[in-house]
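Naming follows writing order (A, B and C), and every chain is counted from residue 1.
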């Protein structure tokens, strides 16, 4: 064969080898290739890290092809995970504790979002109309306070603020009202106060409301308000995927916590919060480690307030099989 | 002349919707003026997410409606043409029919989550009855003489249905389709709003959750427009199939 | 009672009860050993039914829901009748307002829930407004159709005799349009039940829809099923009551149709 012919064969062989190697990397052995997972989230700022992480390739780095689906509310995120429709979910911690006491064997695997822990600057607070006689959480006794979900973190944390101010939480009247309706209800004085989160906190402050107390801060230092979770069954059957998800989430959370500007850029892409509004909002904190202590506090308070029927098993909640 | 008056009415509505928020009677943040909503609408239709949501809603609506109509027509004709079946199923139909399909929302959310199946179950369950009831009326309206004649000519069951029952039932079926089309749209959007299946209802919810009140109103307007189009098309279909019936019919009465 | 009549009654009852009983038994059997969280055994569900509903919950949830439905429905009927008669009577008014009405009624009422929430808050008013916003349309449109279809000869006669507005309404318009109006009221009733449930699923502190959602959220599945069954029973009961009232008020009309059918 002539020299150029041999070269051709050589190049051809090389090409075939590269192609084979390429398929081995991309679609080769199970377990180390891209595993498809679906994560259920709520379209709120708190979930920015997972979007940011996907965008930055943190999940791809751990060979995870993550499909993010958004749902209508905190409690509606647990069911798809339990039924196996989704592998992972994002939910507020109180809902997860309630689910556990109802017999659903869930395990928290990553922090979701946390309060800033700073009085005076958090992403959620108890607000009242600007000219309201309510000056602190103790004045909430006998008043109507709106929370987005009854028997959940809203009333637990508001109760904590009332106690911290020396008041009696049982005298507070709670009503359920979706966050978007709270600014209007406050402006028209149809409710006396509300627990409200961003971006509605900014909206309502722009319309004259005042902050009465920082309830998440009052409940526990750096309160972990939400977490990513899965079922124990899934964790037992796919420990490797869970571990990789945790690593990818850690990187995503750390990145989001230290790159707030990129968070503010990505939030308008999965919510309808305008760039202007997210620019003015206070962002939550995103710790890489789960806050077991604050979860314990939440559980104790919920039990004390009668919102939980029985004591949640926190060992089981945080321990992977 | 009539349509001029109609346009006048619509313009009047637009003027009211513009003036009330601007006058300060209602805070513009919670009820933006008409012009603001229109501007937001123009911006919204440029987004791919709008068209994808619209497509999802229409897909769920059309599929659910088709299933309900086919099931309603087939089952209706089958039950209607046999006195025994009619008697046996009458109480069951009267039991099941008034059950509000929205009662199934929590169950369906648990079972199927935010998938098309959730929508379809709600849509089909609600729309099916509309079609079934109308078809049952239609089959009963068949001229007994024609039916007897068909039987004396020993037409097979299938031929009886095709030549005697079907033509009489068709206008009733069309009414059923019209009623079912409206119900199907309402249930689709309700499912999207409450459960979160992708579609116009979900976009509305998303806008509301994000505090983007103008965009929320955009989707209210859009669902209204879609509803009008569906009603107009359904009525046109009804007219096309049976020109002389539609003007007299709103719903078959016992 | 002759044995023939007795047999006839038994036969009718068997036919009426047959299929439902069969379905009930089928549900019981197929779910009896069920371990699925979402489809508990029917025996469980029925056992929980009494615990859940024959309790303070009747006063706390069921009664408020029904009261809101009642008030909303009747208000919608009154509003639909009033507007329908006014619009149906004047051709010009109808032409002006028809497109506006077409648009407004095409908006699915649940979509209006967030809007009403902004305006009137979260209480009974919001829920009743939602019910009214959905129920008024069938009544209104059917009233308009009914008024339009009134016998024009009769109308001329009434005008000749210079019969006053009130008498005209009471003796001519309402009775003449009543079959159509009742058809509209029947549609409105099923819409009303649906909206009663939906309005409580969003933001409420009591009600049937609220209970249903709370059960679902706290994963109290058998309780959730009892809620579904209860809603079904309420739907059936209200439909039954409506039919009773309709038969009573429209007895003349049904008799007329029956004789027309039989003579043809």
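General remarks:
The criterion applied here is as follows: a contact is a pair of C-beta atoms (placed from the backbone, for glycine too) under 8 Å apart; a residue touches a chain by one contact, two chains touch by 3 or more.
Since this is a predicted model, take the numbers as computed values, not measurements.
Chains making contact with subunit B as well as with subunit C: A.
When every chain is reduced to the mean of its C-alpha atoms, the one closest to the centre of the whole protein set is B. Look at the CA centroids: the one farthest from the centroid of subunit A belongs to C. Put simply, the C-alpha centre of subunit B and that of subunit C have 17 angstrom between them.
Centre-to-centre separation between subunit A and subunit C, using Cα means, comes to 41 Å.
Chain centres here are Cα averages; for subunit A and subunit B they lie 37 Å apart. Looking at subunit B, one finds that residues 30, 109-111, 194, 205, 208, 213 touch two or more other chains. Counting partner chains per residue, subunit A has residues 76, 79, 83, 178, 180, 184 touching two or more of them. Shown for subunit C are the residues in touch with two or more other chains, namely 38, 114, 118-119, 202, 216.
Residues of subunit A touching subunit C in their complex: 75-76, 78-79, 82-83, 95, 98-99, 102-104, 146, 149-151, 175-178, 180-181, 184-185, 188, 190-191.
Subunit B contributes residues 2, 5-10, 12-13, 26, 30-31, 87-92, 94-107, 109-111, 185-186, 189-190, 193-194, 201, 204-205, 208, 213, 216-217, 219-220, 223-228, 230-231, 250-251, 253-254 to its touches with subunit C in the complex.
Against subunit A, in their complex, subunit C makes its touches with residues 37-38, 114, 117-123, 202-205, 214, 216-220.
Interface residues of subunit A, counted against subunit B in their complex, comprise 42-44, 69-72, 76, 79-80, 83, 85-86, 178-180, 183-184, 187, 199-200, 203, 207, 271-274, 277. Across the complex, subunit A is touched by residues 27, 29-30, 109-111, 113-115, 194-196, 202, 205-213, 215 of subunit B.
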